[in-house]
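Order of writing sets the labels: A, B, C, D and E. Residues in every chain begin at 1.
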Amino acid sequence: ALCVVALSACGARVDAGSDTSASAESCVDTSGDTVKIGFLNSLSGTMAISEQTVHDSLELAAQEINADGGVLGKELEIVSEDGQSEPTVFAEKAGKLITSDCVAAVFGGWTSASRKAMLPVFEAQDSLLFYPVQYEGLESSPNIFYTGATTNQQIVPALDYLVEQGTKSLFLVGSDYVFPRTANKIINAYAEAHDIEIVGEEYAPLGHTDFSTIVNKVKSADADAVFNTLNGDSNVAFFKEYKNVGMSADDMPVVSVSIAEEEVGGIGIENVEGQLTAWNYYQTVDSPANTAFVEAFKAEYGEDRPTSDPMEAAYTSLYLWKAMVEKAESFAVEDVTAAADGVTFDAPEGEVVVNGDNHHIAKTALIGKIGADGLIHTEWSSEEPIEPDPYLEGYDWADGLS
Amino acid sequence: MSEMSSTEQQPETEIDLAAAEALLGTDADRFKHDYLEVRGLRVEFDGFVAVRDVDLTVTQGDLRFLIGPNGAGKTTLIDAVTGLVRATGSVSFGRTALLGRSTHRIARAGVGRTFQTASVFEELTVLQNLDIAAGARRAPLTLLRRRPATPEAVEHALETVGLTALRDVPAGVLAHGQKQWLEIGMLLVQDAHLLLLDEPVAGMTQAEREETGQLLRRIGSQRVVVVVEHDMEFLRSFADSVTVMHQGRVLAEGTVNEVQNDPAVVEVYLGAPTQGDLA
Amino acid sequence: MTVLTTLLRPGRTRTLAAFGLAAVLLLLAPLVLSPFRLDLLAKFLCLAMVAVGIGLAWGRGGLLTLGQGVYFGLGAYLMAMHLKLADAGPGGVPDFMLLYGTGQVPGWWEPLRSPVSAILLILVVPAALAALLGWAVFTRRVRGAYFAILSQALAAAFAILLIGQQQTTGGTNGLNGFRAFFGYDLADPVNKQMLYLIAAAVLLLMVAIVRQLTVSRFGELLVAVRDQEDRVRFLGYDPAAVKVVAYVVAAVMAAVGGALFVPIAGIVSPADVGVVPSIGFLIGVAIGGRATLLGPVLGSIAVSWAQTSISEQFPSGWIYFQGALFILVIAFLPGGLASVAGKLRRRAPEGSPA
Amino acid sequence: MLELSGVTTGYGRTTVVHGVDLTVPDGALTAVLGHNGAGKTTLLRAVLGLLPLRAGSVRLADEDVTALAPHKRVRRGIAYVPQGQQSFGQLSARENLQVVADAHGRAGRRRTDEALDLFPALRDLLGRQAGLLSGGQRQQLAIARALVTGPTLLVLDEPVEGIQPNVVTEIYAAISTLTGAGSLSVLLVEQHIGYAVEHAAEFAVLTSGRVAHRGQGGVPTAAAAARKALTL
Amino acid sequence: MDIIAQLFAGLSLGSVLLLAALGLSLTFGQMGVINMAHGEFMMAGAYTAFVIQGVVGDAGVSLLLALPLGFVVGGLLGLLLEATLIHRMYRRPLDTLLVTWGVALVLQQVARDVFGAPNVDVRAPAWLSGAVEIGGLALPRTRLFILALAIVCVVALALALRATPLGRRIRAVVQNRDLAEASGISSRATDRVTFFIGSGLAGIAGVTLTLLGSVGPTLGTNYIVDAFLVVVAGGIGQIKGTVIAAMALGLMQAFFEYSTTASVAKVLVFVAIVAFLQLRPQGLVSVRTRSLA
């Protein structure tokens, strides 16, 4: 009875067919001399390990921008939210930042699950998200800017590099979730076209800690290289086991796409020394912009804190937004996206350019080798920034993928 | 739910035989032909035979006492009849074969028991304990309703075992003997027609034993009752017949006088007659 | 006349008054809360539904179920699957399947296309699973800590299973991005309000059901089974059946909570159904008072609210706070906050009107 | 040996025992009688320290032990046989005895042997899990366990409940021997007025947690007096 | 060949589970405390190894020091937990689960605040690096070491429980606290000792885990559910059962994982345990009781 009363009291039924797509009016307030932006990272839970670092570099960028006069003369006011490593919380907090705090843009997210969870919120509310982590591609939303690598800027170059090195067979090891599975789908397609044999493909649940079976399989498969899309803690267990059964980079190199500088210490340098990684940025990149970034970061957070690709991409994302806003001379989402195409920034990794069509940015691919100093040193570079191609439309072998 | 006021002691309790009439009197004839029949019962625990070749027949109106040394197998016998331990042989109550059935089905066939250590629902009130005991045969849907009023049988049972004043007290706070009375009350409302009582007067004073004995005798006239006891004075006062077990077997059976004077029973159980009487 | 006197019996008036007050408060909420806060509250109400069921199974029946995430998840995923299919239109394929899957809708999704069968399945599947599992476990007399650990393992296994089947369940991403709820546009604030009201009504209904169950003879029997399962058997009841009923009711309530959670939160993922959220469901119940009627509801809402607002201020503070809540309430206040109220009431002079 | 003065105790909000005074002289037996629920068990639990006192004191061999934990009282020479055939159910019967004998070294082992002489039936059951024994067997084990500590004060709560008559006779004979030798004092709760009153130096009848009657044991009128007090 | 390799992998995983579960078989199996913070005691053991390595430097010496010290650290944490919270909860075992879950959350966050969220590295000593080659089969030395350590711990614990007065006392207190007190056994002291040993074993388990995986705040959570399952499947309070169950779980996981995937294997193992408890509801090795007697 209660239900009926309540419903008839509200009465506003919407017909199934009618497409109202009632995106709420933006409540962003730009009348004062400050403007609010939101940072949404996991500061607790399992992903805090990684996302705290992104949060730190976002803070750094905001400080620098404010010290430099803000954006369009307005000081940035940060609203920080904790995603708690849970997609559902990311969705909830995104909603809060947009509708309750009325921020002009949100920066954050790490796992693909968190991004997928936030995407419909940003689209429904027509608001902006800057996402800083390499991911599996096959996505482009008008409300998201992707400042990490898509697959053709990280995985494909890594494969190109392996082919160049004469690799004929690969073993794929990954965590059991979207990014590794999609990445491996792409790798399989690539391998077929390039005469590489995939001799094994193994997934471990996130947080899996006993790799004896998988390493046994890797060892007996005897591939030319291992392509590793494991995430988080599992890397430690994997590499320790790898070393314990007596294998090293010389026998069978492992190319990883989720191990950055800050993970190396936790895995133990002795366990990963000489192994390969694929990213778009390393702390060792030699450029004035990077020198300044690394110095500023260490000054702020301590000498022992390394910088890494996602941190750099996050740092860059804030500057890119600033550049877009200043180009548009407006904080309105429409204006910012309209102005986005061609916006550049002299990022620590080198110059990056925003692609207005797919909202990704052109980035240079770098294959690195983990050194005894715990840092990653560039082994190979694509030299040129690679245009983002999230759907791999420019690659014939990728036709069947989506 | 009324609460006991804090420092008052509980009222003394007393058995009310008149109330038992109301409980038992109604269907006196219907169960005239009830009897417990045990044939060739054997219970074994990993090679240790606790009960063997036991034959036992108890009819309505014959208040049967089961005695025997500690470990003779008396409790195990009851366990076997009520489905608590696995046994071979045959046990039937009236026309119903009991062995092999699950415990709750045996209970539904009209078999009720008490335990050597009293066992009631401590968090429920005396009334609720009795009501639950009365309810196993209720239709499932009536379970979903609140108890409309105290069922008549429960009311009578409360009076019978003298717990009317304590009806709203959680059973957990009852003293040992009161719990035993509550258990007997539960058997009555459960409408058990075979009652197996394991040391029901343990921990009672002389006077309380007397009252309980009267009640059992009254019940025994209409139901099949088996009482396990070590209290010989109690046995002498109330037993119609006695079965003596020893090392899992039936050692002797007969009237009180017969078994008391059976040298084998004296030897293994009663001891020198001059010192046997403690009361 | 008799109706009046029964209604005015002390216990009953108090419950009715509390219930009425709760209903009024819930109905007033849309008037005072911003759409975002109302949405949050609606979400909390869904979680509270799980708590109501746990209150019955655990508080009354002593079944410490650490796996309610499974039933919450079943309800949520079934609803999410239906919404996905409805969004895709007749014969359509949900977007994520095109991306990660074979591009075809697997057969076991098909029954969820129809709204009617979706609703039926949301009720029946969890009930059937709970009945099956409960029956298997309780008749074999698995209980206490065994049952708790087993149910926890079940939650862990369920989450792993969902994660592993990315092509058909969305994997860690879960399912999200729903446009409409049975034809009503989810972006429309009015419909969000309607969802809230539905959640509020369903929650009140559940409370009423649990109340009826606890004051009924079934409720007494459940307590008896909790305290002395073996004894109950000798009275001619099958304790397993009693427990199964409580477990199934709790499971269905969790599933309905999950099903309503989906359109309100806009997402369900394995992170909402595993070990951690399953234990999370218990905090509110314990804090409110596991054996009371409204305790679990209020506790659950209060805890959800605290989680949201405290974590807004201090991200790691919430963890300390949550830990401390668990420790202090369970160790020092096993009756929950409701028992504090009870103690205070008892301290008041005898005979003063409640 | 034992001196209770003004002992008051109870559970939760209920006070069950009210200001009980009682003494057990050295080498003597004091009996406590009373109805069901009169508070006898409660009183004994207070003597052991298993229930805290609300008022009053417990003195053991001229030492105030009111604040002492139960196990410390036991180490000062009390042994307790609780009501209800209690044992360590998952330990074997032998371990049930050992676990108490452990603290007494060689004397413990010797007394284990002596206790088993009193209960020859137990010898064959030593390897069995105590929880699987019959009620009477467990009760015999409980008394044996108490004797193993070589107590100076034995506190017995309806100790022969559930034990077969001929063994009961022997238990009481043994207790009489020990008290007779002056090496043991006994506080006994018993429903069988006969033995209790005959062998007690003094006895008390508890009604609703209060001492309603005190009497001298061993005199011809004692049993009648006790019965009278009980039916009041 | 592969079968033998998997056999070893399974036994090795089993020995890890066994170390994690052994302490639980005391605190959970014997005392009935469902200590969800057991995993965090393991974590504390692991961080102990990390800290000691920072002080000592030499990985070999530090490991040998870390084992006893990890035991003490885990034990002291357990003692603290027992003395502040658990001791008032022995009569409501299910509630201990929730309280210790709260403790686990707090300990994890403390670790995060003290040692930082990122994982830290504990190096394995040189004499444990690499593998022993037997007939073409590479058996990692670390895993052999853990297997041996598990055996030592099991034997020591079993002896302590079965053959010493302490063991008898522990079991007596657990079964009937009042009776134990009234028999002259200090139940408080016994509880503490028991909890100390059980939690100390968690500390040892934590130290050994540094040889296999990462050391981070959530190290323990990965093992806690499995460890409890081992104790339950083995039969509560039964060391023999715990050993068999741990090995069976390890082997099942290894073989299922080999023929399917790690995720599916985990699910299959859970299913197998549920099915197994259908056959033996009290676990592999169960204590018989006369219920209601």
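The rule is short, and it goes like this: a contact is a pair of C-beta atoms (placed from the backbone, for glycine too) under 8 Å apart; a residue touches a chain by one contact, two chains touch by 3 or more.
Remember, predicted model here, so these are calculated numbers, not experimental data.
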Partner chains that subunit A and subunit E have in common: C
Farthest-lying chain, centroid of Cα atoms versus that of subunit D: A
Identity of the chain that, by mean CA position, is farthest from subunit B: A
Centroid distance [mean C-alpha coordinates] between subunit E and subunit C, Å: 32
Centroid spacing, where centroids are CA-atom means, of subunit C and subunit D in whole angstrom: 52
Centroid spacing, where centroids are CA-atom means, of subunit B and subunit E in whole angstrom: 47
Distance from the mean Cα position of subunit D to that of subunit B, given in whole angstrom: 28
Shared interface positions of subunit C, touching two or more other chains: 160, 163-164, 231, 316, 319
Where subunit E touches two or more other chains at once, by residue number: 109, 112, 261, 263, 266, 290-293
Where subunit D touches two or more other chains at once, by residue number: 132, 135
Residue ranges of subunit B touching subunit D (in the complex, touch as defined): 4, 6-7, 9-10, 12-13, 45, 68-72, 74-76, 116-117, 173-178, 199, 202-208, 230, 232, 268-272, 275-279
Of all residues in subunit C, those that touch subunit B in their complex: 11, 212-213, 215-218, 220-221, 223-224, 226-228, 231-239
Residues of subunit A defined as touching subunit C within the complex: 2-3, 6-7, 10, 12-16, 18-24, 43-44, 80-82, 84-88, 91-92, 95-96, 99-100, 111-113, 116-117, 119-121, 124, 138, 176-178, 181-182, 203, 205-206, 402
Subunit D residues within the subunit E interface of the complex: 48-50, 69-72, 74-75, 80, 82, 86-91, 95-96, 98-100, 102-103, 129, 131-132, 135, 145, 149
Contact set on subunit E toward subunit C in their complex: 28, 32, 34, 85, 88-89, 92-95, 97-99, 101-106, 108-109, 112-113, 225, 228-229, 232, 236, 261, 263-264, 266-267, 270-271, 273-274, 277-278, 281, 291-292
